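Working notes, beginning with the structure itself.
Chain IDs A, B, C, D and E follow the sequence of writing; residue 1 opens each chain.
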Amino acid sequence: MIPISAYLILAAVLFGIGTVGVLTSRNVIVIFMAIELMLNAANLALIAFSRGLNVLDGHVFVFLVLTVAAAEAAVGLALIVLIFRNRESINIDRFSIMKW
Amino acid sequence: MNLDTIVFLVSAVVAVFGATMMISQRNTVASVLYLILSLAAQAVLYIQLGALFLGAVLIIVYAGAIMVLFLFVIMLLNLRGNQDMGDPPGPVSRFTKYLVSILLVIELVFIIRGVAFDTDASGIMSMVTDDFGSVKAVAMLLFTDYLYPFELTGVLLLVAIVGAVVVSKREKDETPIPADQASDNSDRGTN
Amino acid sequence: MLEVIFISSIKVIAVVVVLLTGCAYATYMERKVLAFMQHRIGPNYAGPFGLLQPIADAVKLIFKEDVVPDNVERLTYTLAPMISFVPAVLTFAVVPFSSNFTLFGYEITGVISDLNIGILFVFAITSLGVYGILLGGWSAGSKYSLLGGLRSSAQMISYELSYGLSIVGVIIIANTLSMVELVEQQATIGSWFIWKQPLGFLLYITCAVAETNRSPFDLPEAESELVAGYHTEYSSMRFAQFFIGEYGNMLAVSAVAATLFFGGWQGPLLPPVIWFLIKVFCFMFLYIWLRATLPRFRYDQLMNFGWKVLFPLAILNTLVTGLWVLWLSDVIFGG
Amino acid sequence: MVFDWLTLVIFFPLVGVLIMLFIPSKNHDTLKGVSLIIAFITMLISFGIYYMFDTLGNGMQFEINETWIVSLGINYHLGIDGISLLLIVLTTILTVLCILSSWNSVTVNVKGYYISMLFLSTGMIGVFCALDLFLFYVFWEVMLIPMYFIIGVWGGPRKIYAAIKFVLFTMFGSLLMLVALLYLYFEYARFSGEYTFDLFKIMDMPIAYQPQLLIFGAFALAFAIKVPLFPFHTWLPDAHVQAPTAGSVILAGVLLKMGTYGFVRICLPLFPEATLAYLPYISILAVIAIIYGALVSMVQKDVKSLVAFSSVSHMGFVMLGMFALNMEGLEGSVIQMINHGISTGALFLIVGMIYERRHTRLIEDFGGIARVMPTFSAFFMIVVLSSIGLPFTNGFVGEFLILLGTFKTNVTLAVLATSGVVLAACYMLWMYQRVIFGKVTNPENENLKDLTPREKLILVPLVLLIFWIGIYPKPFLERIEPAVKQILVHIDNARLADNGSETIIEKTVAGETETVDVAFGEKEEIK
Amino acid sequence: MTDYVSTLSVDLSLLGPELVLLVAASLILIFIPFRKMNYLAPVIAVVGFIVSFYLAMGQWSEHSSGFAGLLTCDSFGVMFKLIFLLASFLSLLIAHRYFSVKGINRPEFYALLMFSTMGMMVMANTVDLVVMFLGLEIMSIPLYVMAAFNRRSLESNEAGIKYFIMGAFASAFLMMGIAFVYGAAETTDFRRIVADFSYIVANYKVYLYAGAALILVGFGFKIAAVPFHTWVPDVYQGAPTPVTAFFSVAPKAAGFAVMLRIFLYGFEGMEILSDVFWVLAVLTMTVGNVLALRQDNVKRMLAYSSISHAGYIMISLVVGGPEAISSAIFYLVAYTFFNLGAFAVITILETRSGCKSDFVELAGISKANPYLAAVLALFMFALSGFPPTVGFFGKFYIFSAAVKSGFIWLVVIGVMNSFVSVYYYLRVIKTSYMDAHEGQPAVVKMVPSIFLVLVITALGTLGLGFFPQKLLELSQSAIFAFL
């Protein structure tokens, strides 16, 4: 049997990779995907906990989070399309009419 | 080294590999593909953890819909190959970012390890009943105890639809942004 | 343990072989049926009645030169045909093709794997099929391909919703997601779900045609506008993979339709596998018939039809079915 | 139910503000008229209060104590004693004079100006009446707003700098005061279980020595900046010089008094032990202020900044007298507050009058004014003498009492302070000589017109007051005396305790000391 | 099968205000295709807000929960509902004129505003982390869109995408935190967490603390606490001004509503939180203030100022206890009034052509629009905490709660910050009243909707400053849920 902590560590690593992605990437789409990865890491943790605790609430949460991710994706991608139309770039550093 | 462990190790490695490649690719489409790879590996882990239903949902929703949407957008914007990504950032800012992130990972890993190996009772998977993670069991919870959040997700999706339409729908009388404004790259405001 | 693996492998190989042959002969069938419908003869040189034509085609495609245009994205260009082909094959992993039978003293189940979330698995897999088309269209670096890819992905995403919702009615009534159980519940013709879910079936079959990019929803590869759509730049085996993918998908949705609405392998007299194949090929015939009969939609008509007709109908169907089941249960079990 | 005179006098100017809001901003004359009438009525009300004031009464009069914010124990508690009374009257008089003096000099945004003036007078009177610390703080801060506008909008060339400096300096002190005030509030709640900001209730509470020092420091800083005491005075020359005439008058005449008033009303009775502990330092600072202010005044080229620095010097006297902590010193200190208001106010008015004519304030631009403007010169003379403290003028009474009080406690300081009087004579008279006497060197000065009736009307009441206080100060002193005695009671108690034994305080408030230490202990941890 | 039916029966009256908003927003959406009826959208929205407000007031004394305990209706939540409704209502009035002038008056905006408000209400009215998360998302997604609502403005686009990325990033942290809390406590319901707190801490302390930390990071982004504040100035500057007005008040209030619940009720037993918040509060106040000092754009300045105000409110998180909570509520109400008022003035000034809210553009408005300038000055004084405005009393109340618990040094830092803030707030007044301007300053056309906003906010700012008693009582009784 694999200990639950192994899954949690994996989730933490994925979460960390997502964070690195958000902080270092300059491609908006990749940043966005990294955020999705972070959400998925949370999902993995939820499922692992759910298994460890032997209750199903975690599964329900994952279901809800997936919905949230879908909703975010819809709006986020629409925004990316919008700004690309006007700016012709997906490099986050180019979005600097105002400074970060 | 039984089958479970092998499956876990392989999936974990693939998941991490996909994630790492995803953030390090310069080609956006490749990034998407690597993320899908990582998600597929995660779906395997879900199933291994007894979340059969959610594993399928992960593939259907994420790989089947969300990532398609990503690809669709990339195609719509016709981003081919290396986009204008400018000069690489200075070593200092890059270093700080990596440092912060790596510290975060290390911290989380240590936290988990610390707990897991102190109290193994909770760390080891307990045996579960057959219908653990089945559609029925999850749905039972979802439509009884968690009815309220479930209904809220409905609202959330409605909101997302409205939002996406508002952002992307061109009004009939809408004029494009004048060229001089679009090229205005000067830094206004101070920070 | 080893035994199980061995039997499973044999089953997998058998299914894949049958599937590939099915695909090949689906093309033959299409050409033949179309020809008859148009008062032509169709392929008739290779072999008797042109029966060897698919093999000749395959040989031709294998030996053709593999042309790769210059400005393609190598990785995705190579991957795309495979991605479009694999899901079609994978779908059959959960489709029961027969009842359990005994062969050489081994008890063999009539399905490769009886997942208790079988239908979800089917949807998970078929939803991946779009990647092949999308990536193929994008990576080829041609306008036609790109437009074809875009159209097809938009179309598939749009119809996937109704596609999914159309079978929810069946699932609600059957109260299971396992394909095997579904088939078992339709033992007699009277218990086929088509009778309980006529609207669901119509929606399903319409969406399935759109999902597989078949006429009259074949805009991604509309010859008159886009040459050949997403596979314009493909040739030789890569093209063949796309082709097999398309027909494989047709077979897959047909198999699912047969399983969900027409009792799968259930049937009198004939062996179950034969019944299954008959039902599947009936649907294949339906596809061809549609192609021969209906003109192609315009793109906006297609989208409007999907979102404004099919989707609301699918929701309505789900709602009515749900209410019906609730109400019925109240009546039968006394609230 | 007694009629609430104090509320009336505080908020009557706001009635004017309300009326003026509805007058179109083009009607300058109406606006001026309304504001003058309102200010005048306010002055009459304050006179009424003056006459109704019971000279023999001990403690607060006209007291009003209504609940305001019940949940926090904040009351609308007003009341005046002699000290407040005189300052209120001074305020209302100066407000009227200021409005008169700005009649022609303010031409832009007239409406805003007069609204600010009336608003300001509400704030100032409120400070002098408030007996609830919260209320006091509110009025204290409120008056910053109109003053900021008066300096910033209608001021001189560096008005913006001066205005913001004025606000920031005052804010800095008062915010620390707020913290101290909150500390007192909870300390009292711990002491008695009742949440209140009432000055007299808090006065009854013994405060442990260490925290008392800190709290006194916070309050004293706020007040010292306002006074301004020596190292905190730098905002004053800027504000005075840049402010319009009326602004300078109010600033010098009333606003500075709020600082000293704060010392008298809050610091001394509330923290007697800390007062004694701080006494030497403050006295020394006061003496430094006296001499420093005088010396700097002497080298000023600008009349207005000369007067401004002389304020530093004069306020030093006030502080010195106050911290003599005896009857004479304190009485003198209070009288000197009034005096300074009158004479420095008058000086600023006079400078304003000449500035209106010549649009310069540099001493070297003048000379021989006496020839062309004899009446002006005469008034100027009287005011200058009053400022110096010549006998028979008000300045003499104040400074004499202060020096007398100081001599009783510390001869060295008194001697040093006396030199300030001498220096005052030097710079004032030297300035007067250069401006008024001699030949008319500058041709522009030849055609100056003498004072108009309006200007005379402004100066006459001040001159009358100068002589009244100078010759017959009894009515003022007898009103101050009971109040001063009250305050000295607190000080004497502390002194007794102090002389008896260092530890008496600790004993009397032993229980309290402990809790306070706990509170501070927590604070240390947090730090 | 029958079980489903019985559990489905729920009391919808608890959701009254939310449902009203939902229905009104849907109505607006339904009317969109009928272009001629689009003018109805703001009307429907206003009616919706008023009805919702009325219903929410009716819930004041109701303390009950529904939906298997996931929906909690208590006075704390209701208080916040009222704050959100007030803020949204005022923002809506501000928005109408501005959007008409800018040519982006699309009815979807009002629907989004109502959805967002509904999300906030969901957030504030639950003790379950997951529901909070969903509420947060329902609130945030419309906000992303609203930030980018001026589709033709690059600044607005940028604001949208930046806000989106930061918001989604924060959500991910939040979700990870929730996962950890769930792992530690086996539940996300705070009532159960509180009940078993000592057991959880004894056994799963690390998970719980890690979860709390991640949640803190997530909400840190939402309320723009330093060091998670970097998105604020750009988003505030870029978004359409009425939207900025809304951002600066309502989502912040929602964030605090949740944080108060989480950290002062759910995780009350964690002593370390006080220290963490101490540092965060000081940083937030100070950084916000110091950076605000050197801004040349009023909107940007107000953005930094809103950061520092969040810092003041965070003091109440440091302190804890009933006083602190009610002081935070009081301050949020007060802040709603004067901050929205300030933005209302900025908005109406921006309806002049080519105006970008730089400081220099304020010069001379006191001549052309004396009343507007006066009201602006009033709000600036309130922001900087001068009596007799409610801004002073709010700060006073928060500081007094802190002093009471012995956080004297924190209060000293707080007042010093508010001292610093005086400088830049007065700069606005300075520019509008004292700076010279060239040419004839443009007179701004006043419209009834903005006039109404100004009257409400100014009366609120002054009236509550003079007579805070009633609001004090309300905010003190609103903390019933914590006792």
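In this text, contacts are C-beta pairs under 8 Å (C-beta built on N, C-alpha and C of every residue); 3 or more make two chains touch, one makes a residue touch a chain.
Since the structure is predicted, the reported quantities are computational estimates derived from the model, not experimental observations.
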- Which chains, if any, touch chain A and chain D both? E
- Note on the structure: Greatest Cα-centre separation from chain D belongs to chain C
- Note on the structure: argmin over chains of |mean CA - global mean CA| returns E
- Message: Using mean CA coordinates as chain centres, what's the gap between chain A and chain C in Å?
- Response: 32
- Any idea how many Å lie between the Cα centroids of chain C and chain E? 52
- Item | Whole-Å gap separating chain A and chain B, where each centre is the average of the chain's CA atoms | 4
- Could you please state the distance in Å, as a whole number, between where the Cα atoms of chain B are centred and where those of chain C are centred? 29
- For chain E, residues contacting two or more additional chains: 4, 130, 134, 137, 141, 144-145, 148, 151-152, 154, 160, 233, 237, 300
- Residues on chain C engaged by chain B in the complex (per definition of touch): 73, 75-76, 79, 115-117, 120-121, 123-125, 127-128, 130-131, 134-135, 137-139, 141, 146, 149-150, 153-154, 156-157, 160, 177
- Show which residues of chain B lie in contact with chain A when the two form their complex. 4-5, 8, 12, 15-16, 19-20, 22-23, 25, 28, 31-32, 35, 38-39, 42, 45-46, 49-51, 53-54, 57-58, 61-62, 65-66, 69-70, 73-74, 76-77, 79, 83-86, 89, 94, 97-98, 100-102, 104-105, 108-109, 111-113, 115-117, 120, 122-126, 128, 132-133, 137-138, 141-142, 145-146, 149-150, 153, 156-157, 159-161, 163-164, 167-168, 177, 182, 184-185, 187-191
- Query: In the complex formed with chain B, which residues of chain A make contact?
  - Reply: 1-10, 12-21, 23-27, 29-30, 32-34, 36-37, 40, 43-44, 47-48, 50-54, 56-57, 59-60, 62-64, 66-75, 77-82, 84, 86-87, 89-91, 93-94, 96-100
- The chain B residues in contact with chain C across the complex are 27, 29-30, 33, 36, 52-53, 56-57, 59-60, 63-65, 68-69, 71-72, 74-76, 78, 80-81, 134-135
- Residue ranges of chain A touching chain E (in the complex, touch as defined): 8, 11, 15, 18, 22, 28, 31-32, 35, 38-39, 41-43, 45-46, 48-49, 52-53, 55, 57-58, 61, 64-65, 68, 71-72, 75-76, 79-80, 82-83, 86-87, 92, 95-100
